[in-house]
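Letters A, B and C mark the chains as written, and numbering starts fresh at 1 in each.
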Amino acid sequence: MRIRREHFLWPTLATGAAVAVAAAGGGSGVGVGHLSFKNAADTHLQINTPTATKAVRSVTWGLYRDVNSVDPIFGFDYPENTVDSALCDALFRQTPSGGRAPGLALKVSNPNPTTDVLTLRPGVTFWDGHPMTSADVVYSLQRAANTKVGGFYTSIFNRVKSISATGKLQVTLKLTQPDQWLLGELSSLPGMIIEKSFATKAGTKYGTMGVGGMCTGPYMIKSWTAKNGLIAVKNPHYWDRSIHPWVNQYTFKGFTDSAMTSGLETGAIGITYSTDPTILQALKGNKKLSVTQGSSYITDALIVANNKGPLGNVKVRQALSMALDRQAYIKATYQGAAQMPNTLANPGTWGGYEPSIFQAAYNALPSYKSPNIAAAKKLIQQAGATGKTITIGMSNQITQIQNAATTVEDAAANIGLKVKLKTFPAATWIDVFTSAKARAGLDAFFVLSYPDYGAPEGQYQQFVLPTGSLNYSGFNDPTITKLLNRSRSTANAAARARLVVQAQKLIMQQLPWIPLSDPDTVLVTQKNLTGAPASFSYMYAPWAAVKLGGR
Amino acid sequence: MSALLEVEHLSVWLPVEGSPRSILTDVSLSLEEGEALGIVGESGSGKSMTARAIARLLPPSAEIAGTVAFDGADTYELKGAALRRFRSQVPIVFQDPRAHINPLRRIGDFMCEGALASGGQSKAAALKKATKLLGDMGIKDPEGRLHQYPHELSGGMLQRVMIASTLMTDPRLILADEPTTALDVTTQEEVVAILDELRRERGLALIFITHDLDLAAALCDQTAVFYAGEIVDLQASSTLHTDPLHPYMAGLAAARPAVDSRGGRLAVIPGNPISAYEAPRGCRFAARCGFAEDRCTAGRVALEPVASGFARCVRAEELRAARGAW
Amino acid sequence: MGRRLGVMAATLLVSSFVIFGALYLAPGTPLAALSGGKNLPPSAVRVLERRFDLNQPFLERYWHWLTGVLHGDFGYSVVHQSNVSTLLGQELPISAELILYAGLLTIVFGIGLGMVSALRPGKVDDVVLALTAGSAAMPAFVAGIVLLLILSVDLGWFPALGQGAGFVSRFRHLTLPAVAMALAGFALVARITRTSMREQLQNEHVQTAVSRGVGYWPIVTRHVMRNASIPIVTSFVVVFATLIALDPVVESVFSISGVGGTLVNDALEKDIPSVQGVCLVLVAAFVVLNTLVDLAYRVLDPRLKSRS
């Protein structure tokens, strides 16, 4: 069974965009981590690991399953994100700490608030040596936005009126409203540029095993078979001369949990991210391995799915949240590889801009350190909900969800609520998210979700906006909606951050979701390998691939 | 000159559930070159075991006392090649050729394997010999038969194959263990005729085991009558019916007219036969014997010379003298 | 032979229909695999469903698939984004090698130990019986993990993952998985060998051979083993059936890129063409195996030949 927790992580689908100045600077080949931000809420979490000093011939990169596509607009999960990040460049680059740096676009300028003019980097070539031009960028973006192509990121272009080449190295996006979120998304998979001529020839088979892809990234596909996985080698003509990858060849291959463990222990697998937390202690105890906990974008929460039931009452939601024993849950489930949450966005997402504003707002929020049963009980009584039953969807075949369900059950029992658990097999757990029929009768169920780029609003918008892809209860707070939509259009970073923290405060009062924990990124490498960031950037940028090397 | 086969005081026990169970007790007999001996008895009386003990075919777990000497050599001292050579000199014709011939191998293979195992013959020579022997047995198209499988031959034909196979190694003694029981009446006669002819033409010694008293008497020079693992009466076949030495044999002789001369069972004497292991200490026939006295069951009874033969009966002389009694 | 082919075709047809139906009725969609189970935008779902014929009615899909297969097109795997025939071409040889290797180990060691056990009653026999009881009771995945932990992780004698490339490397990579797979069937073969050899040793024709002065080993090989070979060969069907059934588990444990490991995952993810492709091959393998054993019977047992 290859079902594991990674199946149940959900990214954001940003629905808007606003003009923005953005963090896209002007220089060429800006290096790594110019924002050397450390997750301030949990200072022990790492962004980087010690720099590599030695070249390595070949490394196997363990994924939880094989890659099924290298088409960025069909990349929506760990394996594809990881591989696409090594193969392709986006218009902007997420830094290891979550900031936004120039990528294939050198800068964005705004002749007016609803026009983004992207200046493309000169001298970039695809693996086949063809130079990248605005035609490739326009093609890639239009393709990503085209609902007829069927890509997974169409909705992020919903404020985009037109995408056109206005110069050999200039692309102009006309918007209906200013859109900051779009720029964030363009630093993620939908912003990755593929070669037009290659892709038009490949048609719907672009990115599949038999055809492969054509990108500009630091690694290029050498071979790709079901038997041997995807083998990528260093791109000798990579445009970014400041980058000197240490590893000549990566093999990206899927492994089951047990195979991943033995592969790491025997040295067959060189690097992997987000390994099953249940084996973390064993891996940590292995002298041949380095295990690093890093900041991440992931939020672990309970989705309130029904506003007509007891959880429709905000007091009941607050009471339940107050009564949860999160510390015990984190210890049991993550073996320490998760942090106490104060909000519904992981502090790892603050790296995009103005971390200090987010930090201050975070500190000002009440903390969940230990359960407050007495106060919670009182809230339940006030709500007149004592003795009422909430139905929670769970899968007892997924350890994390089972532990979460137990935690909620205990909390509910302590405050006078009854819990009915509805169990799904691991294989059909996803139906809870995709099928209204499967969700019928559920008051709540569990989720792990993350945004596509470093910004808390990227996380919030997906469940607090009425159109949010993970808004299952029809949650609609006009104030929150207004604040978030304004933030989307606000170019000034500090002003934008302040709007977001205002919304955040209300969100944490309203609790459309109830936070459980902030899971860490876990990086496991052989001891003789180092350099890869321990942060979530491996999902969106090539740092892990280019910085890993021998020590 | 010593006899070809000399069996002296042979006793056999086989383990049953861990403890030895008596099968044969104190069997003594001897056979000259070219002589035929019939062994007669009821089922379980030890006839077949005697043949197996002679041919060294008892299971390794068997306990054996006494001696079996073939051509002057103690057969139980033989090992390896010598043992195999000995066995090829005393082949057995088994009762049921269907079961005793490997159904998965060709007749030719069956015929030749003993000869090839004892060496000295090429495969071609062995096949030639086999062809000839089958022809001698009156089998048509002997060469074709060699390529056939046992299931393609009739029972009688197969028994002829079995007999022919014993001759492949130019044996000196053939042990025929109820060779006709599994066959129909006509075939039985043919097989008996073949055995008789063989013996006469080739001067082979023969031990012919049967429960058919008349058949044994007709075919063999001497006849040994078995009861409960012992020989009770051993004498020339010619006098067997007229001068029975043991009350058991006398009973059989007396009952003879009442049964069909062929295939007649011996159980016409009142009472049930017993096995060696359940036998009492003294005379094993005593319980069914009309002449039993206290002394019959007092102690072991030995096989003693009586007249021209031997009998295992304390009253043998006495009863023979009073022949009128039976 | 014509009848046999007919039966084979019917078996394949029925099993493909049943598997197709079961997967069709199971909840979920293969698209979930493309997104790691995340909510896809409706436009993407529409496009992909049309591209992969996911929303056609059952019979239409099945018919489409079936006609494709008859034209040599095994369909397209949504989960792997590849032609099923391409996937099979890459994965099947590995699984076949693994199963044959495991089968060879099962048969050689099974028959070997069974013979020793049959011919040496007493202590040797007891040891063999204990050994086979132990190995039969050990599930293949447990055996696999134990072997992996001891021989690869701790001692580093064998590679832990994958299938290697080139003969020597492939051999080294497949040894532990093959041993793990062989353990269960090996016990079966050993016991059947032991039982049927014991039975044959008691058999009257063996006594005949002894009485003809045939030596020990010729008797063991030409009579005992020769005749015991029929039940032993019969057990090969079960052995290979077991190996095929164990293949997915063991391939997963050792991360071998054969059809088995893919099968489990693809069934969960409702990748019907991929599962169908593998199942067709497996069913065909079974039918071929049965045919081979039937033919072997005819060679081994002359009585069958003349009766038919």
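Operating definition for what follows: a contact is a pair of C-beta atoms (placed from the backbone, for glycine too) under 8 Å apart; a residue touches a chain by one contact, two chains touch by 3 or more.
Every value quoted in this text rests on a predicted model; they were computed, and no experiment measured them.
Innermost chain of the displayed assembly, by C-alpha centre distance to the whole-protein C-alpha centre, is C. Of all the chains, the one whose CA centre sits at the greatest distance from that of chain B is A. A separation of 41 Å divides the Cα centre of chain A from that of chain C. Distance from the chain A centre to the chain B centre is 93 Å, each centre being the mean of its Cα atoms.
For the pair chain B and chain C, the distance between C-alpha centroids works out to 54 Å. Put simply, chain C touches chain B in their complex at residues 203-205, 207-215, 218, 222-223, 226-227, 300-303, 306.
The residues of chain A lying in touch with chain C in their complex are 1-3, 6-11, 13, 65-66, 68-69, 74, 76-78, 147-155, 204, 207-210, 225-229, 253, 255-256, 258-259, 262-263, 265-266, 268-269, 427-431, 433-435, 438, 469-470.
Chain C meets chain A in the complex at residues 27-29, 32-41, 43-48, 51, 79-83, 86-87, 90-91, 94, 145, 148-149, 152-153, 156, 159-163, 165, 252-255, 257, 261-262, 264-265, 268. Interface of chain B with chain C (complex): residues 55, 57, 84-88, 90-92, 94, 96, 99-106, 109, 113-114, 117-118, 149, 151-152, 162, 165-166, 168-169.
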